[in-house]
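Below, chain A partners chain B and then partners chain C, in two separate complexes.
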Partner chain A sequence: MSIDLKGVVKRVGAETHIYETDLTFSPGGFNVLLGATGAGKTTLIKLMAGLENPTEGSVFLNGRHVTRVSPQKRNVSLVHQFFVNYPHFSVYDNIASPLRLAGITRAEIDRRVRETAELMRLTPMLKRRPGELSGGQQQRTALARAIVKDSDLVLLDEPLANLDYKLREELRNELPRLFADRGATVIYATSEPHEALLLGGTTAAMRDGRIAQLGPTAEIYRGPNTLDTAQVFSDPPMNTARVEKRGKEVHLAPGVSWPAAGPIAAASDGVYTFGVRPNLVSPQEEAAAGVKIEGEVLITELSGSESVAHFALTATETPDPWVSQSHGVHPYEIGERRPFFINVSRGLYFDAAGARIAG
Partner chain B sequence: MKTENQRAWWLVAPVVLLVAFNALVPLMTVVNYSVQETFGNNQFFWHGVGWFQDVLNSERFHAALGRQLLFTAIILVIEIPLGVAIALCMPKKGFWASVCLVLMALPLLIPWNVVGAMWNIFALPDIGLLGYALNAAGFDYDYTQQPLSAWFTVILMDVWHWTSLVVLLAYAGLVAIPDAYYQAAKIDGASAWKVFRHIQLPKMNRVLTIAILLRFMDSFMIYTEPFVLTGGGPGNATTFLSIDLVKIALGQFDLGPAAAMSLIYFVITLAVSWLFFTLMTRNEAK
Partner chain C sequence: MKRLTWLVPTIYIIFLMLPIYWLVNMSFKTTNEILGGFSPYPVEFTTENYVTILTDPTWYWGYINSLMYVSINTVLSVAVALPAAYAFSRYRFLGDKHLFFWLLTNRMAPPAVFALPFFQLYSAVHLFDTHLAVALAHCLFNIPLAVWILEGFMSGVPKELDETAYVDGYSFPAFFTRIFIPNIGAGVGVAAFFCFMFSWVELLLAKTLTAVEAKPIAATMTRTASTSGYELGLLAAAGCLTIIPGAIVIYFVRNYIAKGFALGRV
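And then the complex of A and B:
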C-alpha cells in the first residue's frame, strides 16, 4: 500500500510537532524514518496509523483519503518500543486477538496463528503469558500480532530499542525479510543511523519536526543535501567548523589549510561550514590526504576495537568539541595536546543556509 | 583470618523490642485472659479452652458474626465496582484531574468519630437533611427505630467514607497504564468494554487486590462510625463483632470470654485475608 502525506501539520497547543510535510512511500518497500528523539517520528507514525489527526493536511492510503478514518478501518499494524501485549492472554490468544476482532473462522485463525508463531519461533511459548516471557520473546509476540494481521501498512516505532544488543541484531536481520514476503509497506522509525544503513531501503531523515531529506538510504548517507541531514545521519555527531575559502585554498585556522578540491573548488570565495564524520578524523597519519590539526583531549572512550576521543581544537573555536573515531586501541591521556589528521577529501561543505555545496 | 561472634544480634534487638511491646506482649495478655477465670481479688484459675467453646457455641456470637459478614459483603460488593467506575470516569490529566483527586481525598481526611457524628445528625428524621428529605419523599425512614433504616444509613455512611480509597487506588492503577496499550487496542478495533476487560482490569489487578484487602479488613473491624451513629442499635441490629466485643469486655467486664472472642475474631480476619490474597494472586504465582 502506498502512503501519502500532503501538507500535513500537527500542532498541540502552541507547540508545533510536525511542520508542513509532504511525504510519499511507495507500496511494498522497507522505509526508515531516521531522527533523534523528539524529531517527530512517533507523531508522524501516529498520524499515519490514525491514532492522531493532523491539524492541517491530508493522509492518503493507496490514493484513498483517510485523514479522519479510524485506525481499525485503515488495516494498519503498529509495534511500539515498549512490549505491548494483552497481559492476561496467552501468547496464542495475543497473536489471535487482531483476527478474532476481524471475525475470521476458528480454523483459519488457528492456522494463521500457528504459522506466524512458527515464523517468529514462538511455538514453544504459545501457552505462556507475556509476563512469563523474556523481553525479546515479548517483542516477538507483539511483532507476530502485527504480522498475523496481514496489514498493508506496518508501522514499527523503534521496535528494537528496548532489547539487548544481540537480540536487536538478530531481529533486525529478520525484519525486512519477514515483511518483504508479504508485500506490506513497512515504515521503521529509529534514532540510530547505523540501523538505517543496515536496513537499507528508503530513508526519510527527520529533524525538529521536518523531513530533512528523503531518498535511498545509502545515497542520503553519502550525499546529504543539508547540514541537518548530515547531522541526523551521523553518530557520533558530525564534526563541524567554520572555514574560509580563499582562491584555491580552504582555511580552517591560522596555519591549517588545504587545497580546495572537489565541489568546493568551483564555489565562490567566502565563509562555509566544513563537516567531517568522526571516522575520518584519525590520531595517526594515514596514507589518505591528512590535514594535521592540534587538539586537546577532553574525553576518551574505548569500545572493543575502537577508540573514541573528544577533543577541542586549539587553533580555532568550534560549536561543539570534535570527535575522532578510529580502529585499534590508541592510548590517549586526558588533557594532552596531540595532533589529529583530518581526511579532508571526504569532508562536506555547507553554505550559510546549511545547503551542501554539490559539484 | 575468620572472626565469628554473636554481636550482630544487637543490631536486631531494637526491632525485637519494638515488636515485643507493640504486638507480642499485648497479644499474650489476651491469650492469658482467654484461658483463665477470675472472681476478683486478682485471683486467676485455669479454665482451659472453656471460653473458646462458650463463645463458639453462643448464639449471640453467631448473630454478630452473621451481621458482620453480611455488612462486609455488602460493602465490598458496592465499594469496589463503584470505586473502579468512578476512577474510570475521572479525567487522566489537566486541571480537573487535580480537582477530582482533592475532592476524592476529602472524606478520607475526616476523623472516624466525626464521620459518625456528622451522619448521626445528617440522618435524623426530624431535623437531619437526609432523614427529613427521605421522609418528605414518602419513605418511612428512621434509623433510630427501624433496623432496615439503620443498616441503610451505616452502609451509606461507609460507602461515602471509604469508596474514595478504592477510587484513589484504582485511579493510580489506571494512570500507570502506558498509552501504547490503548493505541494497540484502538488499532485492533477493540470496544470500550474489551479495553476494560482485557487491558484496564488485568493491569489494575495488583491495586485492586490491595483495595479489596484493605476494605475487607477495615469493614470487618468497623467500630467507631456505627458506635457513634447507632450504638449498635436499634436493638442489636447493627451490633457488629467489634461493638459486641467492647460490650462484653468493658460493659460486662467478662474478661475471659472477651479475650477468647478477640482471638477468634483475629483468626477469622487473618484467615479470610489470607484466602482473598491467595485467590487473587494465584495467577501471578503460576
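And then the complex of A and C:
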C-alpha cells in the first residue's frame, strides 16, 4: 500500500511537532525514517496510523483519503519501541487477537498464529504470558502480532532500540526478509544512521519536525542534499567548519588549505561550510589527500578495534568539537596537542543556506 | 541484645490484638459475667449472644441492610469511577488538574455536614429509608477516592497499550472491557475494597437516612443497647460479626493494599 502525506502539519498547543510535510512512500518497500530523538518520527508514525490527527493536511492510503479515519479502519500494524503486549493474554492469544477481531474462522486463526509463531521462533512460548518472556521474545511477540495481521502498512517505531546488541543485530537481519515476502509497505523509524544503512531501502531523513531528504538510503548517505541531512545521517555527528574558497584553494584556517577539487572547484569564491565524516579524520597520515591539522584532544573513547577522539581545532573555531574515528588502537592523552589528517577528497561543501554544492 | 529482637514486635502485636481479643472474649460471656468482674477468658462460656443475633430478624436484618447498601455503593462507585479515572489518566482537558484535586477535597469535609441536606433532599424525593439512599450518599466520598486510586493504577499502564489495541482493531469499549480493565484488575479490587470499607464503617449518614426498612447494623446496635438496658454480651457479639466482612474482603486484596493507600501511586 502506498502512503501519501500531503501538506501535513501537527501542532500541539503553541508547539509545532511536524512542519508542513509532503511525503510519499511507494507500495511494498522497506522505508526508513531516520532522525534524532525529538525529530518527529513517532509523531509522523502516529499520524500515519491514525492515532493522532494532523492539524492541517491530509493522509492518503493507496489513494484513499483517510485523514480522520480511525486506526481500527486503516488496516495498519504498529510496533512500539517498548515491548507492548497484552499482559493478561498468552502469547498465542496475543498473536491471535487482531485476527479474532477481524472475524476469521478459528481454524484459519490457528493456522496463521502457528505459522507466524514458527517464523518468529515463538512456538515453545505460545502458552506463556508475555511477562514470563525475555525482552527479545516479548518484542518478537509484538512483531508477530504485526505480521500475522497481513496489514498493508507496517509501522515500526524504533522496535529494536530497547534490545541488547546481539538480539538487535539478529532481528535487524530478519526484519526486511520477514516483510519482503508479504508485499507490505514497511516504515521503520530509527535514530541510528548505521541501522538505516543496514536496512537499506528508502530513507527519509528527519530533523526538527521536517523531512530533510527522501531517497534511496545509500544515495542519501553518500550525497546528502543539505547540511541537515548530513548531520542526521552521521553518527558520531559530521565535523563541520567554516571554509573560504579563494581561487583554486580552499582555506580552513591560516596555514591549512588544500586545492579545490570536485564540485567545489566550479563554485564561485566565498564562504562555505565544510563537512567531513569522523571516519575520514585520522590520527595517522594514511590517506593520499590527507590535510594536516592540529587538534587538542578533549575526550577519547576506545571500543575494541576502534578509537574515537573528540578534539578542538587549535587553528580555528568550529561550532562543535571535531571527532576522529579510526581503526586500530591509538593512544591519546587528554589535553595533548597532536596532528590529525583530514581526507578532504571525500569532504562535502555546503553553501550559506545549507544546500550541498553538487557538481 | 540480639535475642530480644522478637520483643518489640510481640509487644506491638499484643497491643494491637488486645482490644479485639477482649471483644471476642466478651462476646462469649453473659452480660452478668461482664459486669460482675474481671476475667481474662469466659468462665461461663456461652454462644447465646450469637444465636440471638443470627435468629432475631431485628438483629440480622441490620447486617443484611448494611451489606446491601455497601454493595450497591461499591458497584456504583467503581462503575462511575472507572471512566472518570480513565479520562483523568489519558486526556488533557481544561481544568483537569483542578477538578482532580477538587475531587479529593470532597473527602476532607466531614460527612456530618451533608447529613441535613441529604435528609431533606431524600425525604423530598421519597428515597428516605431505602438502601439506595445510603448507597448514593456514600458515593459522595467513595467516588472521589475510587477515581484517585484507579487513576493511579491506570497511569501505570503505558498509553502505548491503548494505541496498540486500537491499531489491532479493538473499538474503545472492547479495548476498555477486554484489555484495559483486566490489566488494572488489582486496582479495581483495591478501589472496591476501600469503597466497601468506608461505606461499611460510615455511621452518621447511614443512621440519618434510614429509619426501619434500611436500618444498618450499627444503628441496630446502638438502639438495642439503649432500649433493653446494657446487653453487653450481645453488643460484643454483634461487634465481632461486623469485623468479619471487612476481614474477608481484605484477604483478596492483601497484596495491593499498600498501593491502594498510596492511591495507586508507587
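Definition applied: the second predicted complex is superposed on the first by the 358 of 359 C-alpha atoms of A that agree within 3 Å, B and C clash if a C-alpha of one lies under 4 Å from a C-alpha of the other, contacts with A are read in each partner's own complex, and residues count from 1 in each chain.
Here, a contact is a pair of C-beta atoms (placed from the backbone, for glycine too) under 8 Å apart; a residue touches a chain by one contact, two chains touch by 3 or more.
Computed from a predicted structure; not experimentally measured.
Undergrad: Chain A superposed: clash or fit between chain B and chain C?
TA: When both complexes are placed onto chain A, chain B and chain C end up clashing with one another.
Undergrad: Touching A:Arg111, do we find chain B (first), chain C (second), both, or neither?
TA: After superposition on chain A, A:Arg111 lies in contact with neither partner.
Undergrad: Once the structures are superposed on A, label A:Arg68 by its partner contacts, choosing first (chain B), second (chain C), both or neither.
TA: In the superposition, A:Arg68 touches no partner, neither chain B nor chain C.
Undergrad: Once the two structures are fitted together, what part of chain A is touched by chain B and by chain C alike?
TA: Residues common to the chain A contacts of chain C and of chain B are 46, 49, 51, 70-72, 76-78, 80, 82, 84, 86-88, 97-98, 101-102, listed in rising order.
Undergrad: What residues of chain C sit close enough to touch chain A in their complex?
TA: Residues 158, 160-161, 163-171, 174, 179, 182-183, 185.
Undergrad: Quick one: in the complex, what on chain B touches chain A?
TA: Residues in contact with chain A: 178, 180-181, 183-184, 186-190, 194, 198-199, 202-203, 283-284.
Undergrad: Could you please specify the touching residues of chain A with respect to chain B in the complex?
TA: Per the stated touch rule, the residues are 46, 49, 51, 70-73, 76-78, 80-82, 84, 86-89, 97-98, 101-102, 131.
Undergrad: Can you check the complex and tell me which residues of chain A touch chain C?
TA: Of all residues in chain A, those touching chain C are 46, 49, 51, 70-72, 76-78, 80, 82, 84, 86-88, 97-98, 101-102, 142, 145, 149.
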